[in-house]
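Notes to accompany the following structure.
As written, the chain order gives the labels A, B, C, D and E, with residue 1 at the start of each chain.
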Amino acid sequence: MSANGKPKFAMYWAAGCGGCEIAVLNVHEKILDVDANFDVVFWPVAMDAKYKDVEAMPDGSITLCLFDGAIRNSENEEMAHLLRRKSQILVAFGSCATEGCIPALANLSTPEEIFEAVYHGPTTDNTHGVVPYPTVRVLEGELHIPEFYPVVKTLDQVVPVDYYMPGCPPESHQIAAVLDLVIQALHGQAALPPRGSAIGAGNSTVCDECPRTRHEKKIRQFVRIQHVQPDPTLCLLEQGILCSGPATRSGCTALCPKAGMPCIGCYGPAEGVLDYGARLMTAVASVIDSQDPEEIEHILDGIPDPAGTFYRFNLAGSLLRASKPAIMSPPPAATLRERALALTPEGGEEGK
Amino acid sequence: MDTATVETQPPRVRGEGERPPLPPLPPPPVVDLGFLKEVVEATAGVSRLEMCIQCGTCGGSCPSAADMDHTPRQLFAMVRAGLRDEVLRSNTPWFCVSCYHCVVRCPQGVHITDIMYTLKSMAIRAGYYKDATAPDFAKTFVYYVENYGRSFELGLATRFYLRHHPLRVPGIAPLGLDMLVKGRIDLTPRRIKHMDQLKAILARAAELEAAQ
Amino acid sequence: MTDRFEPLIIGFTCNWCSYRAADLAGTSRLKYPPNIRLIRLMCSGRLDPTFVLKALSSGADGVLITGCHPGECHYIEQNYKALRRYLLLRRTLAQMGIEPERVKLVWASAAEGARLAEEIIKMVEEIRALGPLNWPAADGGRGTGDGKYPASVIHPPSEEEVTA
Amino acid sequence: MTERNEQERIGVYVCHCGTNIAGTVDVEDVAQWAAGRLKHRGVVVARDYKFMCSSLGQEMIEKDIQELGLTRVVVAACSPHLHEQTFRTACQRAGLNPYLCELVSIREQCSWVHTDRLAATAKAKAIVSGGVERVLYHEPLEPLRVPIHPATLVVGGGIAGIQAALEIADSGFPVYLVEREPSIGGHMAQFDKTFPTLDCAACILTPKMVSVGSHPNITLLTWSEVTKVDGYVGNFTVTVRKKARYVNTELCTGCGVCQEKCPKKIVDEVFEAGLGYRKAIYTPFPQAVPKWPVIDRENCTYFQKGTCKACEKFCPTGAIDFNQEDEFITLEVGNIILATGYDLFDPRRIPQFGYGRLANVFTSLEFERMSNSAGPTGGRIVLRDGVTEPKSVGIIHCVGSRDRNYNNYCSNICCMQSLKFAHLVKERTGATVYNFYIDIRAGFKDYDEFYQRVLEEGILLIRGRVAEVTDAVRLAGEEGKLIIQVEDTLIGQQRRIPVDMVILSCGLEPRRDAKEVAKLFGISCSANGWFIERHPKLDPVATMTEGIFIAGACQGPKDIPASVAQGAAAAARVLGRIQQREIAMEPIRASINADKCSGCRICNNLCPFNAITFHEDRMVSEINPALCQGCGTCVAACPAGAIRGTAFSNEQVLAQIEGLLLLNVDGGRAETVVPEAVAT
Amino acid sequence: MKYLLYPGCSMERFSRPYKDSLLAICQHIGLELEEVDDWNCCGATEYIAVSLLPAYSLIARNLALAQQQASSGPDYHRAGDGRNSRGGAYTLIAPCSACYLNLSKTDHYMGESPILNEKVNQALAAGGLHYTPGTVEIRHLLDIIVNEIGLEAVRKAVVRPLTGLRVAPYYGCMTPRPDYKKRWSNPEYPTELDRLLKALGAEVVDFPLKTHCCGGHMTQISPPVAYELIRRLVHAAAQYGADLLATICPMCQLNLDVYQGEMNRYFDTTYRMPILFFTQLMGVAYGLELKALGLGQELVDARPALAKIGVEMPAAEAAPARRPRKKEGLPMPRMPGEEEMSHD
């Protein structure tokens, strides 16, 4: 408990787009309740704070910590451990922290490929081919930056997590509800759900909240939404548009399907599902309306990027977590360190 | 069996001495049971030769069966029996006109025509086939293809006829003349542009074939 | 034991055809390497891609999916569903950089003990040639971790309290 | 999971099976290992024994259950298909729910197929570990008991269906016999003589037809088709469409005046096999059962042009009723016997045999009608011109059979049929008869004797599959003839044999609509389209669908004796069921968790047994446990993981995977992690 | 949209009429053809009998060239709608039966056997070429005309119907036979040419030997055999009262036309059965200039037969009445497309 007697609140932004942070602010006046009920001690986006301040706090002194973003590098992991140690309730906030989300799609590529794309790609102007080294020895001494991990991890792959809040980003009305619940719990007016469960989401899947009419499914062709004028009231999947609704946890109120766009699965797997992609794959494949291998293959050609489609938000959280070459490859740091030494005066290059 | 030792000697008759050894048995006929496998493997695609049920559809369908030493069906039975020499000496493959009637009718889907091609090339390699006419025609044909990239009817006909049916040349000559008049024969062979390329390809192919 | 790589393969069989084929292989004393371990399902239609991914991520070097021949499914047509899932899964796995030889679909009727044995022998050799998969075990994962939670002022119940 | 183990007490029992298992697997080691290594998984006792399935072995298990308070049992022995029931019953005797017992096979799938003792032992351990992990997720189950409705539906009024119907009806139970055509009798009614005894088909069939027609326990529904089948074993609800006859069966006496007077004559493609004519109002043949005619709407002048009504004018009892309409009736039955028969192979598909182009090429069925004294020619064997008697006839076997291009199977009846034809032609015309065959298959009682007899009659048999039948003459003497070109394989020469008439012994094919019928009744078809029996040897008339049986040629090409035998067999199976009054079904079923179900309807059309229904009101899908056959396809398909499959749940399978991967082939630790509780 | 054309050696000279007429009619019906550049002989039935691999490589070179040429430009005709995972094979027209068969066979076997595929491509590599099985779809000209252009279009273009001309449609063996892709015609009893000729207004006889062999290379190796086969064909055509016989293959035309005299001499017979290419008849029906169709180059004069065009011709006595329909007669089984086929 802090001086003003209010429980402490923290929020941290790891490997992610920051949408989650915005979503929190999107709760509008609710944010005032946060301020009223919590003492915000650490929230880099909202206020200035240093890691060492957090280190200084006693363990378990933070009551509620919302952790958004995935674990992409050593800094993310260090902060995860730090905040775990300091927090009573650590919430994996948003798809990145929960299951990897878009950043984890990088798990389909090796670090080498990623660096190639980022630092030498056609869109990169990097005439000297400079790449970041975890350790660079310069004349003044050694410089360190966080180490890049071969694969993106979910928060709970590095520390124990109390609650999961899915969504990319979590819907603001859900955030508001969760904040309410926690506040009530603080005043002993409500009990928190069991540890390890998902909060701010439903127990069924998106179809449950989707108003579109449905029939028995028979798919003879997959089409991309941009190539067709979908029927506004009929189930998109029945129209051959690959909608992830059937496999995706409810809670978003089926925003996308309502707006005529297929669900892309940001709320992740339904309760108790071990592998999101597998569920979606098996469901979609089962209703393909053909018994002829040739024809089935032909129909499947309509799904140009299966892995990316079925694991768009879930790759890090899936059973395989990454492609074989990626998960088998060593951290690039190992190789990079040597180059780093080559850059020192002894190496000569620096001298010129 | 570890019981009583089995008697390996012919029984002794009491009072007699060693029996004289039995006279030697005549040698077995020469068969090559690997022949079937060999033919199957040398044939492009899936020959299904081993599936033949000897129904005779091929022999019944064959337009030139009358002139064959053996019907295709018999030939396949002989292949199975491993009678390599008889098979490769048979004129049957050489009378195959490649009409594929047997192939589409065969209830077992045996690729008869392709098997005939295989047997022909085997026979040529073994230098077995008695009447050289057909093989020579094939070779002459191949000669033109290998040197010009195209076949050349006139050359083919003359070269070949003079060799094999010199007596029929006068008979055929007017025919050739007719064709000439009608403008249906070249006097000189045509050559494709990149003969060198074709030659290279064929040479490599020949090496690869020799390798196996 | 020799130090050559011994692959570990999980095989899924359907109760009516391929499992009986495996039984037949046994009763006819056919021989195949001990690298495969079979799981009986009622039908190849029961095959959930999750099972395959689970096996691969839990240490299996390959997965063999088997069922009745098309048109001879004892549940009429469920093996076609297995086929469809397999074809899609195969594409996804390909993108994940997993060699196609590692996950195979084979139809085997109850009479095809020999065929099943051959397929197993073939697969073991192919995977031996590929080498181990050795999928790294996930460190942590949902509901895992050292369980050392800081003391809380509002006592969220532990799993035990809940499930009990 | 963890707390599970504290409660659960597992017993592991490893069988030696004499030396069958112990010969290759170190069973003692396996048992000890299980007791030690798997202790933390809840294994409290692990024993090995010479013969677990022996009464002593079973008693050992029962004793442990009672004394050690085992909650789950794993038996490592032979295939579950052999002894699963045995050990389940043992558990039940000891008061443990039988479904808490798991039998894993370390014989068929281990000791018998491996030679390396160390590796086999390691695998056996892994298999046991898999069983232990799996059994932890077993649930106590109760078999489903359903009552059996005493009535039976027989589909198809051919000889097989007739036989089945009579057997059941004679034992005092009600039967509905549904036939698509206006009369029962099937193909047999079209024949003249039957091999090998040559007694006339009508003489032996008609009495049976009559007793079907008059039997108090048989409700005969001809000119009718089954359109819908609901329910499950013991309780089927069947919808039958009674096509309008346009004849009032109450009034009709079957006098036949209408047929005489009807001005419209059409080729009878069905009963006369296209060789004869019938009227627009007709009974297929004089001895038809029932005797009432039907009006064939498509060809009736009145229905097409609006005038005529000759039949109505002349009918003495005023039985003609042009206003009749199709009628749909529903039947409640406990069991169903399918005896839908076969179709004849259409030889037009083999152009080189000339059928349809060359006038004097006939099909076997055409010849049956021709040779039938009640047929279009009154039994005279003549050419297509209707007058000329053939001087030479060629009979071609295996038409469309034993041929990858058409049907790869042997049609079973053709050899005998063709020999019968040869005999009839010889007997009635004295013509020269050639039979062209690949092999003569005369494998049943008195069949080969008949072959001998035909040989004696001087029939010329030529061993060779005919290449072509042509009218393109090549040699003198062939003009105006049909030339059969064939290799006489016994002399190895191609022969051209000129004949006047060619008979094609066409093969048997599944009914054109066999696959739809199979789907309608929820049974399976082979790739060819024959209905699949539960077991080719041991259960030839049952199907995979409880309560549905098959008899006769719909299961595969068959001659009359075999069809009759199957009809009787199917009847016997049904009667057994009816006597039991109720039946217990394996509780391997799927169920949907309504809270989790989002009503996406992915599963809806995955079930071939129509067990899944969607409730528009609640927007959830539901499974009817009695219809569910437990294949688990929907379980595997549900995107929300809302469907559970008992006995093969995700938890069970995933846990078994973990367990199986516990040990490496060399006995060392494999890469796997300690099993954790997971659901998908 | 262009179609690739593989003419084959025969077309260059002794079957020039075929090439001339097909180019003429294709232009007329708007079928744009482009020759495969520097194609070589397909080896006929000879090469493969000498050595297998070189034979397949010889043929594969053409396929490789076709592949190269087609992939160079956008507007070549492709099979399927392109969404096909095998990317819509390029269509290659082979009007000669032997070439058609050899090309499609090679493509098929290369696809079927990886070993052959690898070896052949090794050989091709020596010439800096490569062929991927399935990228070129070989089709016969007749197939294209009947199934791509369509008989309706063919009928529309007719200006001088061949009414009254009795034609025996002759397919020969290799075109309808083992079709290494999906069948487009019946191997025993095709009807494509029949229907095409009907569309031209001709009276088509139900030619029983329509797919029987013309003797192939036997005219060279052992003429007696070939002569016998030729005799069977011309006799059957005469038996059915045909005025002429229409063929779709250079080799058939060569044997039946050029060697008909030889055959007559051999058997001491007097058959005079004109043999024309179906493309020539199309040209005639389209009213194209006869010379441009290579007419007159046949050795058995076709003019008398062609002179009949437009003249109503009584059914030839020679044609045996095969389908009695007398009242007392027994009904005949109906054939699919009965009305089309029957002619009594």
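The definition used in the following text is that a residue touches a chain if its C-beta (ideal position, glycine included) is under 8 Å from a C-beta of that chain, and two chains touch if they have at least 3 such contacts.
Owing to the predicted nature of the structure, the values given are computational and were not obtained by experimental measurement.
> Looking at C-D and D-E, which one has the bigger number of contacting C-beta pairs?
The comparison resolves to C-D.
> Could you pull out the chain whose C-alpha mean position is farthest off from that of subunit E?
Result for max centroid distance from subunit E is chain A.
> If you average the CA atoms of subunit B and of subunit E, how far apart do the two points sit, in angstrom?
About 28 Å, centre to centre.
> If you average the CA atoms of subunit A and of subunit B, how many Å lie between those two points?
So the centre of subunit A lies 69 Å away from the centre of subunit B.
> Could you put a whole-Å number on the gap between the CA centroids of subunit B and subunit D?
Inter-chain centre distance comes to 47 Å.
> Taking the mean of the CA coordinates per chain, how far is subunit C from subunit E in Å?
Distance between chain centres, rounded to whole Å: 53 Å.
> Which residue numbers or ranges of subunit D touch two or more of the other chains?
Only 352, 606, 633, 636-637, 650, 654, 680 qualify.
> Which residues belonging to subunit B are in contact with no fewer than two other chains?
101, 104-105
> Show the residues in subunit C shared as contacts by 2 or more other chains, in ascending order.
48, 50, 54, 70, 77, 81, 85, 135, 143-144
> For subunit E, which residues are in contact with subunit D within the complex?
186, 188-189, 206, 208-209, 232, 235-236, 239, 320, 322-324, 326, 328-336, 341
> Going by the contact rule set out above, which residues of subunit B touch subunit D in the complex?
Going by the criterion above, the answer is residues 53-62, 65-66, 70-71, 73-74, 101, 104-105, 107-109.
> Considering the complex alone, what residue numbers of subunit D touch subunit A?
Residues of subunit D touching subunit A: 595-602, 604-606, 614, 619, 633, 636-642, 650, 654, 678-680.
> Residue numbers of subunit C touching subunit D in their complex, please.
Touching subunit D from subunit C are residues 1, 6, 8, 10, 16, 19-20, 22-23, 25-27, 29-35, 37-43, 45-48, 50-51, 54-55, 58-60, 69-78, 81, 85, 117, 134-135, 137, 143-144, 160, 163-164.
> Give the list of subunit A residues in touch with subunit C in this complex.
Touch residues, subunit A against subunit C: 1, 7, 59-60, 63, 85-89, 108, 156-162, 164, 185-186, 188, 191-196, 274-275, 277-279, 281-282, 284-286, 288, 290-291, 293, 296-297, 300, 303, 305-308, 310, 317-328.
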